[in-house]
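Labels run A, B, C and D following the written order; every chain starts at residue 1.
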Amino acid sequence: MSTTQDHETNLLVTQIAGIALDNPVMVASGTFGYGREYATLMDIDRLGAIMVKGVSVTPWTGNPMPRIVETPAGMLNAIGLQNPGVAYFCREALPWLRQRKPAVIVNVIGKTVEEYAEVATRLDQEQGIAALEVNISCPNVKEGGIAFGTDPVAAAEVVAAVKASTSLPVIPKLSPNVTDITAMARAVVDAGASAVSLVNTFLGMAIDVRKKRPALANVMGGLSGPAIRPLAVRMVWQVYEAVQVPIIGMGGITCVEDALEFIMAGAGAVAVGTATFRHPTTALQVCAGLAAYCKAEGVTINELVGVAH
Amino acid sequence: MSTTQDHETNLLVTQIAGIALDNPVMVASGTFGYGREYATLMDIDRLGAIMVKGVSVTPWTGNPMPRIVETPAGMLNAIGLQNPGVAYFCREALPWLRQRKPAVIVNVIGKTVEEYAEVATRLDQEQGIAALEVNISCPNVKEGGIAFGTDPVAAAEVVAAVKASTSLPVIPKLSPNVTDITAMARAVVDAGASAVSLVNTFLGMAIDVRKKRPALANVMGGLSGPAIRPLAVRMVWQVYEAVQVPIIGMGGITCVEDALEFIMAGAGAVAVGTATFRHPTTALQVCAGLAAYCKAEGVTINELVGVAH
Amino acid sequence: MTAAEFTTPILKQTRIAEDIYNLTLGPHPAMLTATPGQFVQLAVGPTWDPLLRRPFSICYVKDDGAFNILYRAQGKGTALLAHLCAGASVNVLGPLGHGFTLPQAPTSDPIVLVGGGIGTPPLVFLAQSLSNMGIRPHVTLGFTNADQVICEEYFRACGAHLSIATDDGSYGYHGLVTELLEQINKPALIYACGPRGMLAAVAHFANTRRISCQVSMEEHMACGMGVCLGCVCKTKVTAPAAPQPNAVGGPGWQWQRVCMEGPVFDAAEVIF
Amino acid sequence: MTAAEFTTPILKQTRIAEDIYNLTLGPHPAMLTATPGQFVQLAVGPTWDPLLRRPFSICYVKDDGAFNILYRAQGKGTALLAHLCAGASVNVLGPLGHGFTLPQAPTSDPIVLVGGGIGTPPLVFLAQSLSNMGIRPHVTLGFTNADQVICEEYFRACGAHLSIATDDGSYGYHGLVTELLEQINKPALIYACGPRGMLAAVAHFANTRRISCQVSMEEHMACGMGVCLGCVCKTKVTAPAAPQPNAVGGPGWQWQRVCMEGPVFDAAEVIF
């Protein structure tokens, strides 16, 4: 016998790239660490999925400081994907993560196609990973620093290589810094993507006027937070019309209405990023809000995906 | 004999595309009408230049309502370049404008290369225009709606055609919705641009969650305001390193510090847009702030251009 | 009628009904030039979120230029406004727009003011001005229920004939405000402010009977000063119009700006 | 030591010097677990501009869990905070970070607290804790001038030996706080909080004399919870460190997070 609670929760059950999810609310890569930090503060088992911080073959030291600067309704970060590497991840972070309820989606990074594939191969040996999110916003070292994320051919190459190295669903995470996001989406879907994540951060910068120098040591950084939401919603809308695979939408989500914007624009799931820094429980609030909304409207979450088209 | 007042003001004297300006602070196209509306509220003669609302060959009716929606630290607009056409502009707006002190920069729009050229030809007969700003974010009707602003070849074509139709300096206004803003800048400079304006608005959208429909009748609109400033500053920085012509920087400027960010990133002049809606005198405050800053630092405005590189 | 931008203290703020507030703002000379139907744009909050000013009709202006607005706290900006206490400062742009056109001379023909919900406040200013001319208007107001009824005391104070309708009958007449309007004997002139549906009904009522009627329109606004063209409204081109800066349109219609040519338009002009 | 997110009223806010405010926030059980040197992240303003929380050291905690922070209004967020009145609510995340390590046992060796400007507040909490252990610390503070001197009364209340320096000599010793430090006879342990330059000088003083020293570092923060890696600080790898989630680095050095492993670090570890 199912209780009311169960019934409400059932309205949120969904599937992305073949992964069964209790609910479509995730936390975005790089904004929730490996999940453990926030576990003392909230019941992370109520999240649909945790997208962990980008993982590379070897440890990356990231960029020099300063790495963050606040902007109106947003922030720039130039962390530079600091992370302790895939071996550490498998040894120290994954055992804890796989015992939690949320699906674990591992964000994969690399400086060459081979590095991406290597991380995927290593992760393929592990239990308890639901999917790989392929972050194609890393600089392509071989091609001289051009990001994989702005060239459809390079992006497809990375995705195909990861796909060939894993039995897990592959979810490329698209960079928004392109003229035509649909061309990128088509390229990665053709290369075997089971879903797409969008968007990553927008390339921006700030000047420290007192120092007459860029505010970030790396000069440029990625803009995230509510400021970018209208741009991200637009891209989800466009990609929804361009490809058939599910979309994980993100970019400035702070509350249930924001999440609904993405879902109605075509996202099958959503991720909360920067807003977690302000209010750690944002994702849980979005989740509860979606359950209440679906109940009040008498719909399942899947029935809402893309309804605004 | 020059007074202190004169001396301070002199620190701001500059030149863009051969136009002598009392100061480098302008008001952005579409946010100040034809100048007259705000004249009762403030001394518009203290502005460096007025960039008037886009002018087309024939009157344009623009988009259906709703046309604007607020977003975090920004707004989306889909006015659709409503304007009464170049004949009306020359007859009703220009006579008043040319008697004011600020340089008049006319924003030129068209749906085909020929339409742009036609507006330029018509304006070339008029006194009191300092330069033409060529807005290449309009849909290219011949090419089926792709914006001139995202294709370097199409952009260059428009700029060359305008250049051939006028004796005035030509200032293309670049769209930021591209993978590589420097490629656009190079293309228009090669086509004869005397300066570049950047940026125009970012393509975005919002969903009206209650109606389950896009909030704008036009579905998508242009994002402006403080939210986009980090993106605009980044593009000014990149273009400053790519081309030699002066840059008119804009996108989310609200105060003197914001203007200094653009100037230090490489803008020789700045324009205030959306912030005027909130505080009509923003541009004048920026101007006064720059004068005070230059005096305190003992520099001219020209010495600050690009210092953060 | 020239707008000013000024910062002024909140003299008083009272909650007068569920989610409805009466805000008294400090005096400014510009406000003494305001006419009924004009509005102000308030900057809410000290930062760029929210970004845009919020438009509110002027409910009434005191002799010293202090003035009141009545508003419903419904979204981000009005919620912020509702949290401000007396003494806090608010930045005002106004008075703005083109208000109601008053009758040229006192008249004894029935002049009817039709208000719906939070569209009622500007009619207070209008009723006061009519009263000053020696006219006792008929004021008909519609609200969802008794708890939402506002401004009654102001209309009584200026001697108006007042009738109120509520959707649920919890106060006054049980039904629509337009039904009250129909009960008035031969209105000579109608002024209306309220939700779009109500305005359309009132305009239809007036137009079919050839009664002169003015309606106050609402649109989202950015500048409030006529430059952004975000607030336009479709109107009929009835006569060969004098060329207006923004009077572009199509066959038989033209855009007009709610913040400049409006918010008050001739009901025969508006295309609903 | 477990952080909580909670909304609490402002019990009191007083301006204690030019641009410096003493803010008393309502009680929460989590604050009773706070240790000296820990901090809280305050959400300032009701909207998304400003976006990020602001970190402030805990100045002291009362028995009921009410607590104080002392801050300088210097930018957008602190200006907003300074405008809030008693009764307004503030959202708090904390207590956060790894604070000062107290001596294992009471000692009569001179323990010195070195504070610079707005770096002084966390030393109040520390001095109180030392005092509770029966230790009378030497407190040396540096300020730009007499008007900026803060916290004196708190240190006196817990019986500290107090000496103050000002840059312009308008109060106390004319010179740098590090000069006062040099005058203390054989410090056994030094705790310092203040501007980076002062910390570097104190660390140098301590390191060259092999005096045990702890410094409280400052970096811009986004999360305050160890996940964003925005607040890292370069530290020496002195011993083969136990693998730490974020302990990546280069030859001889590793990043540590100011919000997690810090803000208090061993002065011998930090690379200034």
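Here is the rule we go by: a residue touches a chain if its C-beta (ideal position, glycine included) is under 8 Å from a C-beta of that chain, and two chains touch if they have at least 3 such contacts.
Since the structure is predicted, the reported quantities are computational estimates derived from the model, not experimental observations.
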| item | value |
| --- | --- |
| Chain located farthest away, centre of chain B as origin (C-alpha) | D |
| Approximate Å spacing (C-alpha centroids) for the pair chain A, chain D | 35 |
| Averaged-CA centre spacing for the pair chain D and chain B, given as whole angstrom | 47 |
| Chain D, residues touching no fewer than two other chains | 47-50 |
| Chain A, residues touching no fewer than two other chains | 71-74, 225-227 |
| Contact graph of the chains (line, ring, star, complete, other) | complete |
| In the complex with chain B, residue positions of chain A that touch it | 71-74, 76, 150, 177-180, 202-207, 209, 212-214, 219-220, 223, 225-231, 233-234, 237, 252, 257, 260-261, 264-265, 307-308 |
| Touch list for chain B against partner chain C, complex | 30-34, 37-38, 40-41, 53, 59-62, 65-75, 77, 79, 82-85, 88, 92-93, 225-227, 254, 274, 276-281 |
| Interface residues, chain C side, partner chain B - complex | 2-5, 43, 47-53, 91, 93, 219-234, 243, 245-250, 255, 260 |
| In the complex, chain D residues that touch chain B | 47-49 |
| Touching residues on chain D, where the partner in the complex is chain C | 45-50, 76, 80, 83, 85 |
